[in-house]
Structures are given as structure tokens and as C-alpha cells.
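Presented below are the structures under discussion, each in the form of C-alpha cells.
Next, two complexes with subunit A in common: one pairs it with subunit B, the other with subunit C.
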Partner chain A sequence: MTSRFKLLCSDICARWNSFWFKPQSALPVSVFRIGFGTVMLFSLLVQFRRDYLLFFGANAVFPTSSIDLNEWNRGPAFDLLLLLPSEDGFRIGFLYFSALMAFFVTIGLATRFSSLMLFLCYLSLCNHFPIVLMGGDNFARIISLFLIFTPCGKRLSIDCLINPVSSVQLYTPWAQRVIQVQLCVIYLVNVIYKFAGEQWRDGSAVYYATRLLDYTRISIPPFIDLPAVSKMLTWSTLALETSFIFVFWIPNKRIRYAMLLSAFLFHLGLDFCFGLGPFEWFFITSLILFISAEDIETLLSQVRAKTLKTSASSTLSSTAQSTGT
Partner chain B sequence: MDDNHITYNSQNAENSDIQRVGRIIISLIIVAYFSIVLIQVSPSGEIRDRVKPYVDPIILLFGLKQRWNLFSPDIRIMNQYATCLITFRDGSIKLYEWPENRKFSFSNIERNQLRKFVVDGVSEPHYAAYWPDTARFLARANWNVDNPPVLVEPTFNGMNVPSFATYKKQSDMSFSKIDHRTVQLPFFVRHHEMSRGGVR
Partner chain C sequence: MGEVENFSVAGADKVGPVKKPLSSGDRKIYSGLIVTFFIVANAIAFSHLPGNESWLIPIVRRYAGFFGLEQNWTMFSGLRKANFHMLSVITFADGTQKLYEYPRMNLISQQEHFIHEKRRTLFYEYLPGRWGRKYIPSMARYLVWCNEDPKNNPSIITYIYNFADVPKPDPRNWVHFQDLPWHWDKTPYFVYRVKRNDLLK
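Coming up: the complex of A and B.
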């Protein structure tokens, strides 16, 4: 009994170590860094900037004392904005500094430092006025926290050009795994909530969602605006989101990539139909983490070869033109 | 070790004590993190309610908040927006509308936060604690030394979506009729509280 228990324990430990610590290539998380940084940059410069002073300015709609009382419950909250002089110029400067850090993360310049600063800035913005936050902001904040601990600057980055590292070098992927598991947790929680809702069970959820004027982006063509279509879309959403909890981990690449493609199209479709900010794009970029490093490497080498071929042929033709042959 | 990442090009790396300690610490962090996630997403209960006060400061400090209930469990069945009635000292009344209000033209990403604030935030009773601040802000924004605001009344306006049983095509829907209009917590403006301010 004891030996069987020991065996079971060692098996669990081995699986645990394999999942969180088995060395992996830094390529998927580096590609993910580029996508995530781009979406963050877009979020900060487009989503935050327009009404920034209304929520984050020195004369914001709610004073910090109210946020402290009602949101922070007088607890400890990290907010760098409070360290700055209470002037709009400094507040705007903070937003642009955050955007600069997002840009540095995207290009992979001082990646560890810039991802740390991006997290701290974004955390400050989120804490400073949490009323305007959406699910996408929560996900982005969690990603940016764990991105600090990934080797995301080891490939496809300026850091990599300055300090070249071997492309075959491997790293522990625990932080990348946390982001991956977090994504699946989001699907899981969302599906549990949805199954608890009557509208999702009776198939009317899509009908109600597409009637909310503040969210809806599209006018549904009347010929498909039918109860049966609403039911089908509602239940398809449930089925897809339920499958997303598990299928990204399937070793069979064909099935996994087919599901990743369906997840990509699903989130793209949601973004097309509903104005949810960058929410869907954070999900879409997170799907990159489930693509195998070898496949990304193959794709990159194909792109490189094509680029080289194009540049070589253009050089040849320009040389031919200049020599008149 | 390379930038805190364990590299695996050395054969004895697996046996390194430092590496083992590192793994244990990271494992504990992972377990702690997902325990915090579980506490947040699990339904209210005795254990959760007992543990949550200890976990809340950590969540706030590191920004670990988990809220993944977009469009669930049930979707809002009302198109809602907030307005405000501002009464001035001479008895005149002004209807204040938030930018983009009622046009519901929030689908543009630029106005996403304003949508969240106006539609899901300031009009919801859940945020009642902020109504005096909203009123103060609007009084400041509409300040006139000769005729200052004396009463600010945030107003909730709602239009019900027809039920699924009486299915109505999106193109046939009319959003002009307001089903609900509730004045929330009238706020009497006191002069000493006010200073000049502005809202764009």
C-alpha cells in the first residue's frame, strides 16, 4: 500500500514537473509577446486615451478617496499615479509612458524591465479607476504579470540582436503554462456561469445580446434573424467554449490546430458582432501559446526564405537594369 | 541560471539543489495563485467567505482579480442609459446627457470605457455609493457663479428588450420608448463644496 502510494506520488510529481518545468523553446512565447504588446499598445493609445482625463485626470469624475473607500475598501492598492503630482500633464505623461513600455515589449527591447514596467503601469491604471474595467483588462493584467517571468525576449527581439542566444536553447515554461491554464480557466468559469443562466439554456442568449444597443456592432440581416438561428448560435457558443477548456491540450496537432482555428474565428466573430474593446484580441493572441515551436520555426523559415528570394530577385533585376543587360 | 531561467544544456542541471528549491518555490506560487483564482470564482460559501478577507488584499495588490461573467449567467434585458437633471438657483432645469448617450454609439473602441461607465456603471444601483460624486462632478461642470446649480438628480432610463417569446427582429425594434425612468438620490449642492471644474 505504502509503496503504491509512493509510486503514485512520484508519478504525480513527475507529471507536475513535466508540465510546468519541462524545457521548451522560447519561440511561441516570443511571438505571443509581439501580439500581446501590440494589442496592449492599441488598448492604451486608443481605448484609454479618448476619455482618459474624465477617469484618470486630476479632476476625474470620482475622487481617489471614493475609489479607496468603495473599491479598495481602504486596503493596500498599487497605484503609481498617486505618486505623481496631481496635474493632468503628469497623468497624460503616465499613459504615454505605459504605451512606450508596451511598444518596448512588442519589439523586445529591455524585455524583462519593460514587461515589469508595463505590468506596474497597467496595474496602476486598473486600480486607479476600476469601474471602467472589462474582462479584457483583467486578463491583460494577469498576462502582463506572468509575462515578466517568461523568456519572451529570447527570440524575435531587439534584446536578441544585442545579446544573441542560441535558437535551440530551452527554458522552463511555467509562466507560459500559467497563462495557458488561466485562459482555460476563463473558458471554464464562463461556461459554468452560462450554464447557470436560463437564457443560455433556452437558446435566447444571442437574441438578447444582439438587442443590446451599447454592445451590438452589426445589423442582422432580417432573413437570418430567426428564433431558430438564435438558438443554434447560443448552443453552438456553449459547445465551442466547453470544448476550448480541453482541446488546446490535445497532443494530436491536426485536432488541436483545427480547434485553435475555430477559437480564432469564434473570437474574431465576437469582435465583429460586439464592441468589447480589445477583449477578444487578448484571447486571440493567447492562442499562439498553443502552437508548437517547431511549426512556428518552420513558418518563420519559410517566410525568411520567401523574403530572401524576393529581395534577391529584386536586387538581380535592379543590377540588370543598371548594367543595361 | 540565465536571467532566472534554468537552462538545460548542462547535464547536471537536473540534480542541482538550487534548481529543486526553485521548482518547489515556483510550484508553491502556482498552487497559491490558482487557489486565489478558485476562491474568487467559486460561489459564496462558508469556507470562501472565511478565507476571502485574507485573500482580498493580495488580489488588490497584485491585480489578480478574476471576473469572467461577460454575458452570463443572464444577459441584461434592458437598454439603459443615464441622464441627469440639474436644477439651478433661479428654478431653471437642465437635462444633462453623457457624451454619446442615447445614441448608443459605443461600438467604437475609443468609447469603450465611457460605455462601461455610463451604461454599466453610473446608472446601476450597484454603484449608488458614487452618485453623490457624479452629482458633484456634474454640478462643477455646469457651474455658473451667478446662477449655480442647487440640485442634481442622476436619472436611470431603461427600455426593455421584447422577450424571446415575442421575438422581434432587430430591424423592427423601436428604441424610442422609455419604459423606466428613475431619479436616483437627489443631491443638494452646497456652495462651499463646489469649485470650478470642467467636463469635456
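Coming up: the complex of A and C.
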């Protein structure tokens, strides 16, 4: 019994070590970095920028002292904005600096430093005015924290051009795994909350969700907006989200990719129907982490070959035209 | 960009395909951190469950805020059963009144909807709820700042909540999005008397 237990323990340990620490390619997390950085850049420059002074200005709608008392209970909260002079110019400068860091993360310039700065700036923005945050902001903040510890600047980056590294170099993927597991934890927690709610169990959730005027971006055509369809969509949402907790880890690539595609379409559909800002985009980008490095490599080499072929044929045709042959 | 093709054989050998693996001690430290993160993260995530809210949130927020580990994954779990919009009536010293309408997300373009998503979160999710009530005086003061006139300053700000319940889903009387009732219930739910120190000028 004891030896069996020991065997079981060592097996669990081996699996644990293999999952978190077995060296992996940096390619998926590098592609993810580009997607995440782009969404962050867009979020900062489009969403935060327009109402920035209303929330973060020197004369913001709610004073910092109220936020400190009501949200943080006068406890510690990391906020670099408090170190700046209380003038709108400095506050706006801070936002542009954050956006610059997001741009650096996207192109992979000084990646480790820029991802650290992006996290600190974003954390400051989130802590300074936490009452306008959505689930997407919370997820983005956690991603940007763990992105610091990933080798995301080792491929497809300016850093790579300046200081070339081998494309076959492997890295410990624990931070990438944390982001992946966190995504699944979000589905798990959300499904638990949904099951706790009466509307998801009785099948009326989609009916109510599609009738909230402040959320809904499109009015569902009456020929689809039927009681049976509404119930079916409610329960299939629950079924899909429950399956997303597990299926991204299935070794069978066909099943995994089919589920990734369904998750992609699911989030795209939600983004199309409901105005939630870049919320769904963070989820869509995170799906990249579940694509195998070999497949991304194959895709990239195909794109490269196609680009080379196109540029070669255009050069040939222009040369032929200029020589008149 | 900057791939292995750029290397000589000797150069490629230097960087090598395998980095020094983590030692057993390092793996234990990282494992501890990972487990701690997920325990803390889940404690925060579940602090929003009814029953946990009252006692767990103040504790976890105090520490989670510093590291940015705040989590709330209750998205769409309990859906509102009413539509509403808010109005503020600004009454000036001479008795004249001005109406301020908070952003109506269904009346603006898709593009504006996206850009002003943060306003929607504040005015539709936070401010009308029980957590947001404490900020209503600050909101009133902001409206005072926006309407200051030394000759005729605002004296009273009244909040009006206009709402209509979403009809219950009844297959025999199915209400489509286009046929939703207008927000005909109007409730003044907060009256703020402007104080001298609320004025900027």
C-alpha cells in the first residue's frame, strides 16, 4: 500500500514537473505577445484615452481620497499616478507612456523591461479608478503580470534582431502555463456562478441578456428570437463554457483545434452581440497559447515562402518590363 | 526575424537548443508560488459569491489590490431584469432647472459604444447599485463644477432613475427587443443640496 502510494506520488510529481517545467518553444507565447500588446495598445489609446480626464484627471469625477477610502479601505494600493504632480498634462503623459510600453511589447523591444513597465502602469491605472473595470481588465492585468516571466521576446521581436537567439532554443513554460490555467479557471468560476443563478438553470438568461439596452449591440431578428432558440442558446453556452475548462488540454490535436475554433467563434459572437469593449479580444488572443509550436512554425514558414515567392515574381516581372523582354 | 539561419555552426552551438534546466530547488520554489497564486486568486474569485461578499471582500481587496490580483468572473451570472437610464435635474439658485442625461448606450453608434464602454460600466453597473451609492455626492459635485456660474450657481442636484422591467419570458406573449417597454417608471432617488465648498470658483 505504502509503495503504491509512493509510486502514485512520484507519478503526480513527474506529471506536475512535466506540465509546468518541461522546456517548450517560445513561439506560441511570442505570437501571443504580439496579439496581447496590440489589444492593450488599442484599449489604452481608444478606450482609456477618450474619457481619461473624467476618471483620471486632476479634477476627476470622484476624488482619489474617496476611492482610497471606499475601494481600498485606506489599505495599500500600487498607484504610480499618485507620484506624479496633480496636473492633467502629467496624467495624460502617463497614459501615453503606458501606450508606448504596450507598443514596445507588441514589437518586442526591450521586452522584459517593457512588459514590466506595462504591468506597473496598467496596475496603477486599474488601482487609481477601479470602479470602471470589467472582467477583461482584470484578466489583462493578470496576463501582463505573468507575461514578464515568459520568454515572449525570444521570437518574432526586435530584441531577436538585435541579439539573435536560436529558434530551436527551449524555455521553461511555467508563466505561460499560469496564463493558460488562469483562462480555464475563469471559465470554471464563471460557470459555477452561472449555475448558481436561476436564469441560467431555467433557460431564460439569453432572453434577458439580449434585452439589456446598454449591453446589446444588435437587435436579434424576430425569426431567430424564439423561446426555444433562447433556451437552447442559454444551455449550449453553459455546455460550451464547461467544456472549455478541460478540452484545451486534450492531446488530440483535431479535437483541441475544433474546440479552440468553437471558443474563438463563441467569443467573436459575444463581441458581435454585446458591447463589452476589448473584453472578448483578450480571451480570443489567449487561445493562441494552446496552439502547438510546430503548427505555428509551419504556418509562419508557409507565410514566409508565399511572401518570398510573391516578391520574387514581382521583381522578375518588373525586371522583364524594364528590359523589354 | 533573427532566426537560426543567421548563425554560423559555431554561433548556433553557443546558444544551443537547450537552456540549463531549472534545479529541483528552483522547481519547488516556483511550484510554491504557482500554488499560492491559484489559492489566493480563487479565494478572491469566490469572494463575490453571495454570502461571502460581506466578510471576504474587504479582507482580500486590501491585499489583492496591491499586486493587482483582483478577480471578478461573475460576468452575466445574474442578469438584470430591468432597463433604465439616469437623469439629473440641476436646480439653480434662481429656480431655473437644467436636465442632464447620462449616456444612453443604445442611442449612440457602435463605435461610440465601444469608446465609451468605461462610462457604461460606471453609469449602468456601478453607480445605480448599492456599492455605487456612496459616490453619488461626488457625482453631484462634478455636475456642479460643470455648471458653475458665479451669478447663478447650482443649488440642488436631483437624481432620477427611469426604468422599465423586462417582461417575463412567456412563450405565449414573447416580447422582442424592438417591443421593449419605454422607461416610464420615474423615481427620484437622491437629492443633493450644494454646499459652498463644492464650488471650484
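As a convention for this text, the second predicted complex is superposed on the first by the 323 of 325 C-alpha atoms of A that agree within 3 Å, B and C clash if a C-alpha of one lies under 4 Å from a C-alpha of the other, contacts with A are read in each partner's own complex, and residues count from 1 in each chain.
As a working rule, a contact is a pair of C-beta atoms (placed from the backbone, for glycine too) under 8 Å apart; a residue touches a chain by one contact, two chains touch by 3 or more.
Worth saying up front: this structure is predicted, and the values here are computed from it rather than measured.
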item: Which superposed partner A:F90 touches (first subunit B, second subunit C, both, neither); value: neither
item: Which superposed partner A:Q199 touches (first subunit B, second subunit C, both, neither); value: both
item: Partner chain(s) touched by A:L156 [first = subunit B, second = subunit C, both, neither]; value: second
item: First (subunit B), second (subunit C), both or neither touched by A:R112; value: first
item: Partner chain(s) touched by A:P164 [first = subunit B, second = subunit C, both, neither]; value: second
item: Subunit B versus subunit C as contact partner of A:L53, first or second or both or neither; value: first
item: Which of subunit B and subunit C A:L213 touches, first, second, both or neither; value: both
item: On subunit A, the residue positions that both subunit B and subunit C contact, one per complex; value: 16-17, 20-21, 23, 46-48, 50-51, 54-55, 59, 61-63, 66, 70, 72-73, 75-78, 119, 122-123, 126-127, 131-135, 138, 141-142, 145, 169-172, 174, 178, 181-182, 185-186, 189-190, 193-194, 196-197, 199-200, 204-205, 207-217, 219-220, 222, 225-227, 230, 275-277
item: Residue ranges of subunit C touching subunit A (in the complex, touch as defined); value: 1-4, 6-7, 12, 15-19, 21-22, 27, 30-31, 34, 37-38, 41-42, 45-46, 48-50, 58, 61-63, 65-81, 83, 105-106, 110, 113-122, 124, 126, 132, 134-135, 138-139, 142, 145, 166, 169, 171, 174-178, 180, 200
item: Subunit A-touching residues of subunit B, taken from the complex the two chains share; value: 3-9, 23, 26-27, 30, 33-34, 37, 41, 56-57, 60-77, 79, 81, 99, 104, 106-117, 119, 121, 127, 129-130, 133-134, 137, 140, 161-162, 164, 167, 169-171, 173, 175, 197-200
item: Residues of subunit A that touch subunit C when the two form their complex; value: 16-17, 20-21, 23, 46-48, 50-51, 54-55, 59, 61-63, 66, 70-73, 75-78, 119, 122-123, 126-127, 130-135, 138, 141-142, 145, 155-158, 160-172, 174, 178, 181-182, 185-186, 189-190, 193-194, 196-197, 199-200, 204-205, 207-217, 219-220, 222, 225-227, 230, 275-277
item: Subunit A to subunit B touching residues, read off their complex; value: 16-17, 20-21, 23, 46-51, 53-55, 59, 61-63, 66, 69-70, 72-73, 75-78, 112, 119, 122-123, 126-127, 131-135, 138, 141-142, 145, 149, 151, 169-172, 174, 178, 181-182, 185-186, 189-190, 193-194, 196-200, 202, 204-205, 207-217, 219-220, 222, 225-227, 230, 274-279
